[in-house]
Structures are given as C-alpha cells and as structure tokens.
C-alpha cells in the first residue's frame, strides 16, 4: 500500500493587493489596484507512511496552514501534486472526505447553542457511522477524555479546553485514517494539553491513525512525533528525526560540569552561560566538545559532567530567526 | 478500518432538521420575540389597507376587510417559511473559517443548511400557533376552509421555502467574490418586498406591475401560498402555481450548481 | 486643579472623535446611500399604491402623507446615527462589565454613554428625509407658513428627545435583565409603524403608539405641523410629554447605575 500522505513540489502563490498609506494612494487604488505575488508555499515535498505521527513546525506565516489546507482539499495548489489516501485532495472526493479529519484550534466546529452530544449525532449522520460503532466509540472517547458530565451542556457554556476535547471527539467519531491537527492545543493549560496529547497518541497506537500535527508548543511535538518537518518562509528546511534536529541546526552543545576546584578562567573553552564556585554551564562548538571535555577533566576534580543538546525550543528559535 | 460507514441522505436530513429544531426550541423566548417582531409589518399593512377599504365603502381591489385580515394573518406563517440562510451570513462563514470544516466533510453544505432550516421551521410553527390564535381573535379573518386548499397549502408553503432558500443561497455566492454585496442584497429585498405580495396583495398594484411579478420568483414564494390557503385560487391556478415553483426550484438549483463550482474554484485559489 | 468640562464641549469632543473614526470607512457611505434610496423608494411606492385606491387616508392627502415619510426618515436617521449605536455599546458594556471605566469618569454618566458612538453615514437618511420633506411642503404651497416651520422645529426636537428617552430606558433595563437586545430590536421594528400616521391604526394600537412607544408625538405630530395643520393642544401635550419623558429617563438611569454598582460590588 502506498503512503497515505504524499506531497510533491507543492507550491501556492497568492495574489495580494498592495495597499499604500495616505489619501492620494488610497484614492488611486480605487481605480488601479496594484498586486504583488506572495509565495506562501514553495516546492514542498514529503511522504508520511501509514500509522506515523509527524510534527509540522514553522513560525507564524511559514506556510503550515496553507500546506494543510492543500492536503485537505481546501486550497488548490498553484503547482505540484499531492495524494491523500490515493486521492488528489482538491477534487474533494466524498470517499476521501469520509476517511480524513481536520481539526483547527481556535475554530469552533460544534453547534454553538446545543450540547456537544447533538453535534456528535449530526456528525454520525454526515459520515454515516452505524449505530453500534458510534455508541462504542463515543463511550470510549468520552471515558478517556473524562467529559461524560459535560455532554449535555451547551457548547457555549464549556471552557476552551472542554470544548477542544469535544472537537477532537467530533473529529474522531467516524474513525478517520488520516487526521490533520492544526494547533489543537493552542490556548490550553498544561494539564489539558497533556490529556489531549495522550488521546491522540492512543488513537495512533491502537487504531493506527496517521497524524500530521502543527503546534506552537514544542512539548506537543516532542511528546507525539518522532519525525518532524520544518518549514520556514514557505520552504522545507528539514525533514527527519526529531533527535536529529539539533545536530542539523545547532552548531553548539551544552556542557555542564561540577567540580570543587573549577579554574577561574573558563572563557577560552566556550561561552560561559552560568557559573558559580562549584558548577558551570558552557556552550561549546560541536567539533570542540570532546577537546573541551577532556581539558575540563584534566584541569579539575570533576564530580559530574554532562554533554547535552540545547533545548529544542532554542534550536527551533535559532532556525526561524534565520541565523 | 471504517469501510463499514454507511451514509444515507434521508438519515442526514433527519439529523440536520433535528438540530435546527432543537436549537430554535431551546431558544424559544428569543424565537418567540422574533416572531412577535414579524407581526409589526403585517399589522401595519393590514391597518392601512383596512382604512383604505373602509374609505372605499368596504372593498379594495376585490378584498373586503375580513379577506384582508385573512391575507395578513396567513402572511405571518408564510413569512416564517420564507426565512432561509441569509446571504450576508456567507461573509461571516468564510471569514471565520467555518466553511473549511464544511468543505472537509463529505456532505454538501447545501444539505446542511437546507435541513437545518427545515427543522427550525417546525419549531417556529409550534410557537406561531398561539400568535395565530390571538391574531384571529383580534382581526377576525374570513377564510373559506377546503381540505384541498389545506393540502395544497402544505405543499405550496414548502415549495415557497425551497425557492426562496435557493434565491438567497445563490445570492450568497457573491460573497466569494466581494465583501461589498450588501447594496445588492438591499436592492433585491426591496424588489422582493414589492413583487412578492409582502407589502400589499399584488392585485392592488397597477396591472403592469402585477404581470412583472408573475415572471419573478418572489410571488411564488409568498403570495401564492397565502392565496392557496385563503381560498382565492381554483384548482387550475393552484396546479399552475406549484408548477411555477417547481420550475423556479429546478432552474435555481441548476444555476446554483454552476455558480457553486466557480465559487469554490475561486475559494480554492484564494483561500482565506 | 483641572476645570470640569462643560457637557456641550464633552459631547462635541466625543462626536468629533466618532466622526473621524467613521471617515475611515468610506465604503459604507455608498452602502448607506443605496439603502437610503431604497427606503425612500419603497416608502414612495407604498404611498403611491395606497392612493391608487383612495383619495384620502385617515384624513391625509398624498402630499401630506409624504411629509410623514420624510419625518420618519429624518428621525430614523437621527436614531441610527446617535442613539442606537450608543445604546448597543451600553448593553455590551454592561454584559462584559466594561461599563466601570465609563462610570469612573468625572462627567455625567448618562451624557457620556449617550455620545460615545456615532454612525455618521446614517445621517444620509436625515438628508434624504429632509429632501422629501422640502419637496412635499413645496407642493402643499400656501397651506404652510412661517409659524408652521417654527412649530415643526419644536415638534421635531420634542419627538427626537422622546425617542431617545425611550431607548435609554430600554437600554437601562440591561442592568437588570442583561439581555435586552431582543427588546431593542422589537422597538426598532415598531418604529416602522411610524411610516403611517397613527390615525390609520385601530384605537388600541393608536393608544400604544401614543403613550407607550410615542410615535404619535415623534412623527405624526411634526408631520401634521409641517403640512400646515397644527393641532395646538397636541403640540402642547407633546412638549409636556417630552419633559415628563426626560425626567423619567433620568430617574430610571440613576436607579439603573445605583443598581449596577450594587451588583458589581
């Protein structure tokens, strides 16, 4: 079986009117509008095998949502091709739509004025889920997300986190094979984020659901995905293991050392991030790590020494600030 | 994994209608207030035309006071059945991104909206009954009841709904091209007000205006169902009216599928 | 110490700010021109159709009835420009609890909540209403004299003040019942009944439109006046009613904010 999500050279160019400030310019633009072209996504290609969770990273405006919209058939690419479960998504074949799900955080997709249970029933009809399967899944999900007591409350009375749980349930009831999650945990507190993460992970492990996930929170990505795709300014920067990200993008490692007789002058070894009498943290260039470590070991009575990759957030930050 | 899913449009309509029904019944106070708001318009028209009829010795354009009252009381129910998805709401739906969810679902949102409003009409009809009783006691309408008329009315009122729903839905498509459709919607509603029989029974307009109304959809959504129930039409006229409704529904349905395809193509190109 | 600002200057400053803001949205100008033309067109059509079938409606000739349409548009434009936007803002402020900022300002609270917002383009309705009025009055000819113009001015001001009072009372209910937008919506629906002289309505409705939602004073009396048929006793009643309405609105407002502070404390 072919991979459920395939993107090849996906490109999307938007034509946007140029707006100039000032009265004269705005009057002029009434008659002749000027446009410029913005390449939101440039030649992006990747494959996601069945049953994998992939984290999709990039700063705001990098093209994440545009890519997801192309993969769910909401946008027609300017060029390039994509296949989801073997279909070109923008043809919006009903069979494809029945087998995928799209969840966008910050968007309310449930009937605002009615209890979530009613929206679930509507989705049951939309996707034609048989009674037995529906019951079984609903009970299971409600149990796992602990929302049993909230089912009969109108959605407008739910908290943001409770609502997001309901959104996820609504998106999963028809047993989608591929799920696109766009910022599913945005604005939620830490406990709620963890709960949702666990649910997605379980769905993936137990049902083999393929997931493409974008998030601002590194914790989301590192908890769920072993593989990440990074895009910035529309172009693919990295596609590979999460653990490889820092190898690729960070030229430094962090050395933490504990010793009772640390030399006073550490500046020659690396950038001193933090130090006190018995402990120091150094940022050292990747290819000097072993040299610095052995110098430290010989210069002082070291009680502890660790070499770490910098925190993911920092790496990502560095990637996006266009070092 | 999910090949067992079985979609059925009938079951979907039932679910959609149920949602609309529940929503409006849950907010019955708000719904009721809107209904009461609907009353101001016909009561004003009825008062004006009754005054005219009285000044003319009891009759105006073939309507006596009781028949005018019947016209405007049934008016209130037909007005309920004429509500549909507002063209202006498309702008909100596009801007808020709700349309993305609907597009990513395997059922056309036409069915979603159409079934939703069907359900909501049933809720409204229930709430309308007490209002109708009060109106009947106050204005003493005279209606000739015939089983055939009541049966035909049950068809005509839904036919009117279908046609008006389609008119508004097609107009709503304009929002895919511009956010400045408001002026056009205003002009169309003004035309509708005059040529549907909502402002005044079309027989009271000059002849040329009345014959224009035959060629617009509005008459068939509004005045036609009213006249069916109050017994002003014979069997041939009723059959012809339902024929007009069917023709408009078919034509507008066709127009909609064409415009929809273009609108979505544009949306896919531009996004939001 | 800073000198307290006079109410006139305060209102002027606020309204100027609102106008500046509205000028940012010039596209709305055209939308409003079209809407105003539509309202005018439909109004004229309705009157024309009525007089196809009769010569006199409740004692009003066609030209006299057009003055009702003109006054209805003018007063409606005034309400939409100055009253509705402020009342909706007041309601949403109460709902979201942001009214406190306004109440802590060192100026009269009722004045402040009444001048914060302006919907400039609605004044187009005032202009088109005035245009219709001028046209109708010119056709009435000798029937209308200087005394009528003066009396009309008084009647028009009284009518606008009465309606402002009605709306602020309705909005003040928001302190108690919170969701009153349905009531507001219904009131603006009822306002449409003023397009016809209250004389055409059955007597029970006429009573309601005189004392409850006083469209009789706000529209019918000014229109009667400008079409040269001053009903002096009614004009006097209108002035008296205005004073009463203003006092009642003031008392209701004071009661409202007392209640409001009580609730949020």
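By written order: A, B and C. Residues from 1 in each chain.
Assume contacts are C-beta pairs under 8 Å (C-beta built on N, C-alpha and C of every residue); 3 or more make two chains touch, one makes a residue touch a chain.
On a predicted model such as this, the values are computed, not experimentally measured, just so you know.
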Central subunit by CA centre of mass proxy: B
Dominant interface by contact count, named by its two chains: A-B
Mean-CA-position distance for chain B and chain A (Å): 45
Chain B-chain C separation of Cα centroids, rounded to whole Å: 31
Inter-chain centre distance, chain A versus chain C - centres from mean C-alpha coordinates, in Å: 54
Interfacial residue positions of chain C with respect to chain B in the complex: 27, 30-31, 34-35, 38, 41-42, 45-46, 49-50, 52-54, 56-58, 182-183, 185-186, 189-190, 192-193, 195-196, 200-202, 205
Chain A - residues contacting chain B, complex: 12, 14-15, 66, 69, 72-76, 90, 92, 94-95, 97-102, 104, 107-109, 111, 113-114, 118-119, 121-122, 124-130, 133, 154, 174-177, 207-208
Residue numbers on chain B that touch chain C, as the complex places them: 29-30, 33-34, 36-37, 40-41, 43-44, 47-49, 51-52, 55-56, 60-61, 180, 182-183, 186-187, 190, 193-194, 199-200, 204-206
Contact footprint of chain A on chain B as seen in their complex: 1-2, 4-8, 11-12, 14-16, 18-19, 22-23, 26-27, 96-98, 100-101, 103-107, 265, 267-271
